[in-house]
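A short write-up of the structure that comes next.
Letters A, B and C mark the chains as written, and numbering starts fresh at 1 in each.
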Amino acid sequence: MNGPAGRSLGRRKRADLFFRALAAASAAAVILALLLILGTILWKAVPALSLSMLTRTPKGGFYLGREGGILNAIVGSLELALGATALAFLLSLPLALYLNLYKDRSSKTAAWTRFSLDVLWGVPSIVYGAFGFIVMLALGLRASLLAGILTVALLEFPIMCRAIDEVLRLVPRELREASDSLGATRFETAFRVFTRQAAPGILTGVLLAFGRGIGDAASVLFTAGFADRVPASLGDPAATLPLAIFFQLGTPFPEVQQRAYASAAVLTLIILLVSLAGRTAGRKADRNVVK
Amino acid sequence: MRPLKDALARRAMGLTAALPAALVVLIVAGLFLRSRAIVAVEPLSKLLFSSAWQPLQGKFGLLPFIAGTVWVTATALALALPVSILAAIYLSEYAPGWVRKAAKPVVDLLAGLPSVVYGVWGVILVVPFVGNVLAPLAGAASSGYSVLAGGIVLAIMTFPTIIHVTLEVFAAVPRSLREASLSLGATKWETTRHVVLRKGAQGILAASVLGFSRAFGETMAVLMVVGNVPAVPRSLFDAGYPLPALIANNYGEMMSVPRYDAALMAAALVLTLIVLFFNVLARRTLVRAERRGR
Amino acid sequence: MANGEAPIRVRNLSVFYGGLQVLRDVSLDIPAKRITVIVGPSGCGKTTLLKSLNRLLDAAEGVRVRGQVLVDGEDIYAPRTEVTRVRKKMGLLSQKPQVLPMSIYENVAYGPRIHGLRSRKDLDGRVERYLRLAGLWDEVRDRLREPASALSVGQQQRLCLARGLAVEPEIILGDEPTSALDPPSSQNVERRLMELKRDYTVVVVTHILRQARRIADHLAFLFLGELVEQGPAAEVFAGPRDPRTRAYLSGEIS
């Protein structure tokens, strides 16, 4: 064995080292890409941030007016994402509970429902935008905060529902049986035991969906509209941060572009915070859940 | 009283279970109905394979946009697949524990960044890089707003999807299987290549398809850097005009032009069907791989 | 290797998983061409000791090793030691058979190929020789191209044995190699090991005392990471010197 083995050992070791280095370089490239993105956004955007930028609405039209800030987009985005997340939660929690409490693991219905959710997850957000627009026309709505909330809620629904479903699946079956054997109805088991047990994990799922919702531009492009004012009611068009970036980056005026950069900074910051909060909740979930 | 409440709750919750499937059907049906005005008049082959896009003359050939989507997606995957799979190999097979732990939030964060933020970054860095550095190197003239710029931005956006799924696939390969190979005197790389990658082949395929479908439907980031010229691109340095960008850019003005609206909806329908097809394929492969792994 | 010298000598070996010490100062000589059985209650460090012999512990995260393991007189934990060469000297049977995701033939040919054997004829010869030695040839000769996962668990374990033998090791390590098998398959594997000790040094970890009685020439008793007693199996079984060994052999601790 020492003949060919001995001779090729050096080559084999070099191959190992080579691919190790290549793989490490790839991992470094991925991490570098993220740092580069964050770095670029911060470098361009932080100088654009100021108190007046954050507390004023644009003057003279968001596309042309050189005065004012991005308050319209901040408030619009928060209202829209909060509304959409609340609505998505109202749909996601019952469905996820239903799948885990009333359906067995081998259930065909549950499998199909999960499959449909995965399919919905894959639908591009521009398609949600187009679909939202169709629904809007059918209902006689115009581009408004409400239409935006409805569309983004649809976008968030599969993300949130699957996340909560995954968490609930980790709740031990024995817990359900223990609760059943105490004479609790399934419904009581659902809300008293399951939700409490899985609360931090559910929160992670909700935050994940919120982050996706607040950052999405394509779905609100036709549905939420855009306005200089902070929306006064659900029927008003609402500005959003992603669109504030998209529209205002394309103008020829540096002052207006500053508003785009400031919006990018605020949006990135919100995403970072949400992601951080999600991780914290996720860690708590790991600690509290009975396994 | 309590059992009644339970029964009611069960019914109500059962209703929500119908929602996901109903939504899939509604989206496809809605898009189909709205695109009927053009799908019914134009032969499908003309709609899909004609490159004449002159809405004012009533010519709606989607080929430039389909080609744009394919170009950008293919470029993105060519860049993203090797890098993400190698990165996943490093994180799962070679990296010390602390690196793995530190890298995971980074990957998650990369997945959470909104596509407009990628777009802004692309406009600031990638477009000038392609226009001023890469294009001259390749002897091409380009503004930088190009298929390549779109591909690069999109590749980075698909990193987390592919890495995440691939890591899960690798984690499902039992340690003792790796040990079996190592104990025969195989090096780590030999073990990875012949055992881990082979065992995870189906899962990695599924990860790639998921990454692909994510890239295929991505709108804003690509739209901001790809140039948006409605012609079939001839090189990486040409501008392209993918389907999602077409829809996003023209939705406001379409009402005045007859059948424009239907053509855009047809574009959305094509996009949806392709993405759905690949998604279903990827999920099925994943499920099958999981079942075989047990 | 000098005649009579133990092919594996463990000297003052301590192993830590993070802050936890799993092996305490273990010293052990493993005699050539005998079956050495390491027994002890679960969690006593048996598997760790076995895996330390071919440096498979390196693959795990946060493991520290102190002390020496000398294989043919060479300290395998010395910084310059080539780990793949050390591992090639030993074939490993794990608790559950771990067939590689390839055909039956490829499983056996995997090791020799990696070590540079390319000729089809040589490979064919080797595959057949070691499948015969593992007592599997007659059952699989007509289905060498089928995926190894199609075999029964008992057959898979014998395939793993053939695969380990095919790199022509001097030593066979078995980590509770029959724990996943039904009784007839277990017997089959035990019989193979008894035959193989003519040419190979065998080290087997088990928590089944009866199995130890059946196959052991040399016995080592490990308790809470400590090597309590070792010696010729017949002597240890007949007259354990340490009270803990006595308690374990009589079934008081398990």
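Going forward, contacts are C-beta pairs under 8 Å (C-beta built on N, C-alpha and C of every residue); 3 or more make two chains touch, one makes a residue touch a chain.
This one's a predicted model, so the numbers in the text were calculated from it and none came from an experiment.
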Counting contacting C-beta pairs, the top-scoring chain pair is A-B
Based on CA centres, what chain would you say lies at the far end from chain A? C
Suppose each chain is reduced to the average of its Cα coordinates; what separation in Å results between chain B and chain C? 47
What whole-Å value do you get for the distance between chain A and chain C if each is reduced to the mean of its CA atoms? 50
Dist(centroid_CA(chain A), centroid_CA(chain B)) in Å evaluates to 16
Could you tell me which residues belong to chain A and also touch two or more other chains? 12-13
Give me the residue numbers in chain B that touch at least two other chains, ranges are fine. 187, 190
Could you tell me which residues belong to chain C and also touch two or more other chains? 84-85, 88, 114-115, 167
Under the stated contact criterion, what part of chain A meets chain B in this complex? 12-13, 15-16, 19-20, 22-27, 29-31, 33-34, 36-37, 40-41, 44, 91, 94-95, 97-99, 102, 109-110, 112-113, 115-131, 133-135, 154, 157-158, 161, 185-188, 190, 208, 211-212, 214-218, 221-222, 242, 245-246, 249, 260-261, 264, 267-268, 271-272, 274-275, 279
Per the touch rule above, chain C residues touching chain B in the complex are 51, 54, 56, 59-62, 84-85, 87-88, 90-92, 94-96, 98, 100-102, 110-111, 114-115, 160, 163-164, 167, 173
In their complex, what parts of chain B are in touch with chain C? 96-97, 174-187, 190, 194-195, 198-199
Give every residue of chain C touching chain A within the complex, in rising order. 82, 84-85, 88, 114-118, 167-168
In the complex, chain A residues that touch chain C: 1, 3-5, 7-9, 12-13
